[in-house]
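Each of the two complexes below includes chain A, the first together with chain B, the second together with chain C.
Up next is the complex of A and B:
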């Protein structure tokens, strides 16, 4: 008994773990993309070219970054259907957070006096 | 026991004879290394469960001492014992210890750790080392908590509302916040472990529809832990940052938004109350079927209502903020959504009640605790609806009514559920039976003491006495005295198990593999179980649903042993006598799986 706490696949399925493995080059390319997007955010916020729309662009870039990290680094690319569904569910759950927060912040009526 | 030796089985067609008593495990998990190091370095889920048990029991004592100080102080109407400042620190210590360091880990980390692998027929959790790490992380959190307390304590209340917590408070907010933050990671680790284990490591035949309801409830709990805890972690960091650097996040004087803190805090902390109660629901489902010898009524409804609570529980947090300055529309919305969560909770209560109907009920300690749970939780849940109603909450918010409400659900509900689980699985965990008489006495004392403590608080809360104040009008003194008297009885009730449970380790009768004649897989292996739970050669193969008491078979399809078990008819496992003999019986109930 080598490692009593390891659990081999129950049904004897053998699959090739090298098939979807990350390559250093691939990982590095993704990393570069993320850095590039970061540089864009930095430029957008410090130069002020987009004025009041900068925030939206920054948020959009951040979303893309998060997506790329999840897809490649967090291995959603190799995930089966349960994993993909779980990831989507967590996006939906974040949506709940924002929508219900906004149900408060967007419906406050402040009376401005003076 | 041969089939014919069992008079009830004999002649009843279709009933399987009970299996022979399995030989004691050698070594069992307790004997597999007895040095301190063998415990501190263990990756055995059962030992880690025991480590958690010891840790949180110590926390429970500390939290109880703090509660005792609060209650003693309230005997006089002018804060006769503690200074006002010390009083603030006492109730905060009570809340922080009991919520973050006792109730949240109580059932998932103790009973969940111990039982989930056994119930699904696995050797261990999916990540045994992560499991051990979670305990150490918990200890680190606890050390920070202890630091905060030894350093004078925290005076903000467990809710840590800014701006007081970031600007005004002179107490040890930062170490306390770090403690809660760190312990959150242990909660995440436990949740993750349970989720993966349930997905990946079920024994052959253990389909989702055959999972014991305890597993379903912990699955739902783990989802909440995984989704919610990171949010409170970030919130606490923001709080710490504002307090340390003076950066305006929550404090309106420096450009922050205090209501934002409450949103973020309750976005976790309301679901967290379901982290606390859902595991208790799981225990109730296991115990109530066993002690009424009936299949659970509405297996799928009970299982899905756990998932429903996990989801809906995330949609109601702002019912804690009705008077905090949120918009009226939002308050209306959250009031309505809060009503919704009563539906799955009620589904459970109705199904448990229906399970009792025409059952062959016996009243050993686990069952007494469970009956207490159902009654007290129902009171707590219904008063929750009063609070969820926008109009009444404006009157009741931050009064003793709220205090009584959540103690009914958390102490009357969850602590009793934890006690029920501990008493139900104690023979499995230790291989010993405890005193039947004393355990029943303690259950009775706890329930009586509980009522006496918290019913007066509903009354004074309804009459407007705010919570967290050490002073109150003299005419209300009698109710506080009653409440303190009840708390003393409650304390006595907790003291008794603290004596007979440890004593049972030395003097208790040896327990068989299945002393309660229950159906789950965990009862198939000897008590205490071997290191890898089940026979190395023959891993379990599940053939039916979890509660086939009607057919009188366990999940492996074997007959149930004939009660009474060890201890004779008078022992804790003895069923004959109270409401007549129990055992396999034909009942018209749903067959699951």
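Up next is the complex of A and C:
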């Protein structure tokens, strides 16, 4: 931390917050993409064509939607690396959570007793 | 810390070197909180996935009795509210106070409409006995018996339905409160462009709640298709 008494006071005012402002057109485009993905999962799931793969396809589409929301609406694309790392860490920890308990609950019927 | 040290910006907290550092710290802090939220919901999603893989027929049947129209409208409302929230950040950055008001109020209205529709949906579910408790019955119970499925596992799905949508609804209510607070802050002029990050931090929370719904919607309302029970 720099000594505040030696810090140039003009620094705070020279920070231009408007330079990263989104364009309305870009935001609407992202909005339409997320809506389109929702329509896809809604109609494809309702038609029943996915069969036994429905759960995985739905989760994949939802993951893409969440990724688009995070990247554009939550400004990960403008964020510092440490912010991106935090976001990825939450996904990584969730994967650990899933892998550990799924490997238990999904394999219990294979346990040989006696 | 003397007031004269950082007299150049009333928004700048004394322990930060500049606004860029302050905004980066605020974003990072919020993202760390969101990481805990992801893990919080991750546990519930994990339990749901496990039981859905164990009892696909019962989960599919129970899901088919939920109101997809209400859920679909609510999904569009939340996605739209994410757009208006991001437009609110833009307005805050550009110093467009009227735009900030408009987009915050629009976001609030969309979130409130979500909760109202959710209320109607819960009322319909209760009326049709689509509940996990003792009053479970009606058409869903008859359908369960007709297909020779286990009513207990259907009720298990309904437990997930109420817990997951209930927790999500509480998050929406908290978000609505934060948005109202932002409207008040805008009214007293506490959100100049250099303080846009206050709106951005609230928006990060709102977007996460929206993103969680994007997972809840297909898992709870569109489960049919995984298997074809009893046919």
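FYI, the second predicted complex is superposed on the first by the 93 of 114 C-alpha atoms of A that agree within 3 Å, B and C clash if a C-alpha of one lies under 4 Å from a C-alpha of the other, contacts with A are read in each partner's own complex, and residues count from 1 in each chain.
In this section, a residue touches a chain if its C-beta (ideal position, glycine included) is under 8 Å from a C-beta of that chain, and two chains touch if they have at least 3 such contacts.
Quick caveat: nothing in here was measured; it's all calculated off a predicted structure.
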item	value
Which superposed partner A:61 touches (first chain B, second chain C, both, neither)	second
Partner chain(s) touched by A:90 [first = chain B, second = chain C, both, neither]	both
Which of chain B and chain C A:82 touches, first, second, both or neither	both
If touched residues of chain A are counted for chain B and for chain C, the larger one	C
Touching partner for A:103 - first (chain B), second (chain C), both, neither	first
Chain B versus chain C as contact partner of A:31, first or second or both or neither	second
Residues of chain A at both interfaces, chain B in one complex, chain C in the other	4-5, 7, 10, 82, 90, 93, 97, 101, 105
Residues of chain C touching chain A in the complex	1, 5-9, 12, 14-15, 17-20, 23-24, 27-28, 31-32, 34-35, 38-39, 42-43, 46, 49-50, 52-54, 68, 72, 75-76, 79-80, 82-83, 85-87, 89-90, 93-94, 193-194, 196, 200, 203-204, 207-208, 210-211, 214-215, 217-219, 222-228
Interfacial residue positions of chain A with respect to chain B in the complex	4-5, 7, 10, 82, 90, 93, 96-97, 100-101, 103-105, 107-109
Contact footprint of chain A on chain B as seen in their complex	43, 122-124, 126, 128, 199-201, 204, 227, 231, 259, 263, 267, 314-315, 318, 326-330, 333-334, 531-532
List of chain A residues in touch with chain C within their complex	1-2, 4-5, 7, 9-13, 15, 17-18, 20-22, 24, 27-28, 30-31, 34-35, 38, 41-42, 45-52, 54-55, 58-59, 61-62, 65-66, 69-70, 72-75, 79-80, 82-83, 86-87, 89-91, 93-94, 97-98, 101-102, 105-106
